[in-house]
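Input: structures, listed below.
In what follows, subunit A forms one complex with subunit B and a second complex with subunit C.
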Partner chain A sequence: MRSLTLYRRLLSIQLRSQMQYRMSFLMDVLSTGLLNGTYFFSVALVLNRFGGVVGWTVGEVAFLVGVAEIAFGLTDMIFSGFDADTFSPMVRQGQFDQLLLRPVNITVQVLGSSFLLRRLGRILQGVIILAYGLWMTPVVWTAAKSLYLPVVIASQVVLMGAIFIFGTTLTFWTIERVEAVNILTYGGVEMMGYPMDIYSKGMRRFFTYVVPFIFMNYYPALYFLGKTDPFGFPAAAPFFAPLVAAAGMGLALWFWRWGITHYQSTGS
Partner chain B sequence: MKPILRVRDLEKVFWVNKRRQGILGSALSLVAPQMEKVTAVSQVNFSLEPGEMVGYLGPNGAGKSTTIKILTGLLVPSGGEVEASGFVPWKQRQAYVAHIGAVFGQRTTLWWDLPVIDSFELLQAMYSIPAERFRRNLREFTEMLEMERFINTPVRSLSLGQRMRADLCAALLHEPPLVFLDEPTIGLDVVAKERIRQFIQKIHQERGTTIILTTHDLSDVEKLCSRVLILDQGQLLYDGSLSALSQRFDGRRLLAVTLANPAEQITLEGVEIVSRDGPRVTFSLDGHTHDPAALIQTLLARYPVTDLEVRRPELEVTIRRIYEEKLLQPAGQA
Partner chain C sequence: MRFFWEVVRRAFRQETTYRLAMWAGLATNLFFGLVRAALLTALLPAGAAVNGMDAAASVTYVALTQAMIAFLRIFGMTDVSKSVYSGQVAMDLLKPTHLYTLWMGRELGKAGFNLWGRGVIFMALFALFHPLVFPGSLGQAGWFLVSLGLSWLVSFSWNFLVNLAAFWTPDARGVARMGFLISGVLSGFYMPLQLMPEWFTRLCYWTPFPSLINTPVEIYLGIVPAGELGVRLGLQLVWFLVLAAASQAVVRLGIRKLVIQGG
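Here is the complex of A and B:
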């Protein structure tokens, strides 16, 4: 409870200092929101000529991309304290030690050390693409579906956040190996924007059993769009997302705590 | 009284990757790293009574910051025991740090973009300081450290001296009984240093705060600490009073006299004249073999004198001699 109050205060500081330059902030949000969005629509134009891809209409692909973009924008905004590129210098310059000297949960402090409001741009872009998708291919909404969509987005945020935390923890040991994690984060969101059907068997296995991205966006989309499962997973597969997210976050936090223990025994 | 800090057989060993020469060597280091053991701190024993202020001295690389990091819970030692305010620092870090204050002169704990006062208010929330106590301390510290002028200024716009004062205040707002000050006067001018020293002195006297002070500036230690710990190559060389230290290692005294009659010839038995400049004569004497007081009496009885001064060698010179000439052996081995 105390941690939550403190997190809110740390957040309000972040927001206040970022809103100091209101104009540049607005420009930034609008430009990433609208300009990056045009990239998707140029792809959509091409896809439209072919009437879709592997049995997915352009509207359905837009649904995949939109949800993944919204979730990733949120992750990048909320978990930016765990961005390895900013965290690693924080450790080397001793700022991390300063956090350890305060009687507040360290994870809350790192989370509260950065909040990139500018990522609203990417979220806005996701919203536009999702809206386009829903306009092209209307979803038959039920109460369950409309309740589950926010859960899916939150699950993606939590799992991506877990990968952020994992990557940041690696910087306690090395700086070089972090690139591999970026493939999972920035690459992951790109990957989730396409139907799993287009990937090779090996890739699909990797994203099912090693990093189970398949349950985060693809299976939920099958449920929302009322499509049949080509891979023969249990009917409950679209609802695995929150479980995978919780497991991933649990694992990441455990690794994070282990990393701090390592840091405290080597001091580097 | 029960010690507030007890350190027993403290040891810290680091394993560092030993780099090999050449391209082949560095490739080899990557695959099969050759680890080398470096002992940063070993066999360190001491304890502090509540209300003590000690200087923690040592040349660069002596293991000072390693010790401070262990004592503040940032680093886990390889061996030994520490009990501070009833806690084992690295085992109960989050609970423990609420009971200590720490200032690392090279860094700031304040929020760079926030006005100083906002940082203080955040710390109030983090340390759960009751509102009344927070207001009282803030008022008192603001006055003592003369912070009114910059309390609403963002930290990034402060001068080094102002920032250091704000950091000191930040470390003390929750009234910790045990405080670690690591180079709190580094990079400051004489006036700013003096202001900070006076503040530390006052906190120590009025609140009975136990303070460990590491510094390169020996005048900090001379003015503030009656007890010093000297560390070199990870081992504690000395634990005792500052005056006993300079007595033991530098008993020399310089006695400067200004004679009423500039032409007068002057001699003192067994004492060497190091310089003579008109009426001003400087003797060098060994405090162990001569009694300076008796010599001065003899001198005054024999010659009319207008001015007289006895100087001790600078502490800095003494300490440097101890490091360079290895005058001290690690405690327990001597």
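Here is the complex of A and C:
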């Protein structure tokens, strides 16, 4: 409870300071939104020429991209304190030691240390792409589907957040940010934006058994869009997303706590 | 001239110190390359070709564009604008060379290293996953190198020009991002222009951006329409001259605005 009030406090400080320069803030929101939007625009132009890819229409691909973009935008906003880019200087310059000295939950402090409101741009862009996808696909939205969509987005946020926390914990030892983690985060969204059918067997196996992204976006999309599963997974596969997210977050938090107990300051 | 090459040499040596960053960058480029190659090969099944782009050519297109990221600094650079904000630019203006040429030297040194470290090595790594095609003749390879050199000049001039916004606005980063936003689509970096609708490709050719990426890749793959090779190279040269001249003019205006705080 105390942690929650503290988090709200830290959050309001963040928001107030970021809204100080309104014009610059709006520019930032707009440009980050457009940046990801233009990429989808390019892909959509090409997909239109071919009438889709591996049996997926442009609208259906837009659905995949839209959901993944909204979720990643949210992750990037909420978990930006755990973004290795902002966190690794804290380890390097010893500011993390200061946080450890305070008698408050360390996870809450790091989580509240940054909240990038300008990521709204990416989220907004995802919403537009998703809306376009929904408009282009004749899907019957049952109550169950409408309730499950927010759960899928939340699950993606939690799993991506877990990868952020994992990457941040690594910086205790590496001091520098570990770029390979970016492959899973930024690369992961891009990868999840296409139907899994296009990837080679090796890549698909990796994203099924090692980092199970396949259950986060692709399988839920099969359920929402009423498409048949070409890989023969159990019929419950579209509903694995929350379980994978919970397991991933559990693992990441365990690693984070273990990392803190083994943390040795750089001495700066 | 001796000063210029000294700057190049130092920038090259400085870049060689970041070996770990080089491998990390290579891994990231490789992953994104594999994802993009998967999409294009799924679109172009064996035997299918659009405007000379078949599956093998499109995979090679992906490899080349990913290999050019660090060499051309496709995602944009902010070094010049940072030097304006920090005041370093005042020192640079005292040096016995023009600001544009000075930065060209610095960037050329970096690019020289990245052509090898992030370019050639990347192509070799990518070839482990996908078979790549090579230029059909020595002449084609030669014209590719000429075109690649011109792309570098266009890319550098464009990046430099965008950075000059720092003389007027405190948010040059946003301007740089806008710059990449336009160039990413229009240059053929995201998707080959050959696969875009015709009206869109024609629109792109009114801008300098195809000269940045699409032209050298086209020449490498040997899919330039017959008789167009000279036109494409000429266009690259013209855009380089235009952007370079614009940079000079803007620098002159910017310096008048510049106020350096003493200390």
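In the analysis below, the second predicted complex is superposed on the first by the 258 of 268 C-alpha atoms of A that agree within 3 Å, B and C clash if a C-alpha of one lies under 4 Å from a C-alpha of the other, contacts with A are read in each partner's own complex, and residues count from 1 in each chain.
Here is the rule we go by: contacts are C-beta pairs under 8 Å (C-beta built on N, C-alpha and C of every residue); 3 or more make two chains touch, one makes a residue touch a chain.
The structure displayed is predicted, hence computed values, not measured ones.
> Quick one: is A:136 in contact with subunit B, with subunit C, with both, or with neither? Answer first, second, both or neither.
Touch partners of A:136: none, neither subunit B nor subunit C.
> Considering only the touch criterion stated at the top, classify A:117 as touching first (subunit B), second (subunit C), both, or neither.
In the superposition, A:117 contacts neither subunit B nor subunit C.
> Considering only touches as defined above, state whether A:151 meets subunit B (first), subunit C (second), both or neither.
A:151 contacts neither subunit B nor subunit C.
> Tell me the contact category for A:108 with respect to subunit B and subunit C: first, second, both or neither.
neither
> In the overlaid three-chain picture, which partner chain does A:200 touch, first (subunit B) or second (subunit C), both, or neither?
second
> With both complexes superposed on chain A, which partner does A:53 reach: first (subunit B), second (subunit C), both or neither?
second
> Comparing subunit B against subunit C, which has contacts with more of the residues in subunit A?
Between subunit B and subunit C, C touches the greater number of residues in subunit A.
> Using the superposition on chain A described above, determine whether A:179 touches subunit B (first), subunit C (second), both, or neither.
In the superposed model, A:179 contacts subunit C only, not subunit B.
> Quick one: in the complex, what on subunit B touches subunit A?
So the residues of subunit B in touch with subunit A come to 14-15, 66, 69, 72-76, 90, 93-95, 97-98, 102, 104, 106-109, 111, 113-114, 118, 122-123, 125-128.
> Mind listing the subunit A positions that touch subunit C in their complex?
Subunit A residues touching subunit C: 24, 27-28, 31-32, 34-35, 38-39, 41-43, 45-50, 53-54, 176, 178-180, 182-183, 187, 190-191, 194, 197-200, 203.
> Taking the complex as given, what residues does subunit A use to touch subunit B?
My answer: residues 2, 5-6, 9-10, 13, 17, 93-95, 97-98, 100-106, 261, 264-267.
> Which part of subunit C faces subunit A closely enough to touch in the complex?
By the definition above, subunit C touches subunit A via 20-21, 24-25, 27-28, 31-32, 34-35, 38-39, 41-43, 50, 170-171, 174, 177-178, 180-182, 184-185, 190-191, 195-197, 200.
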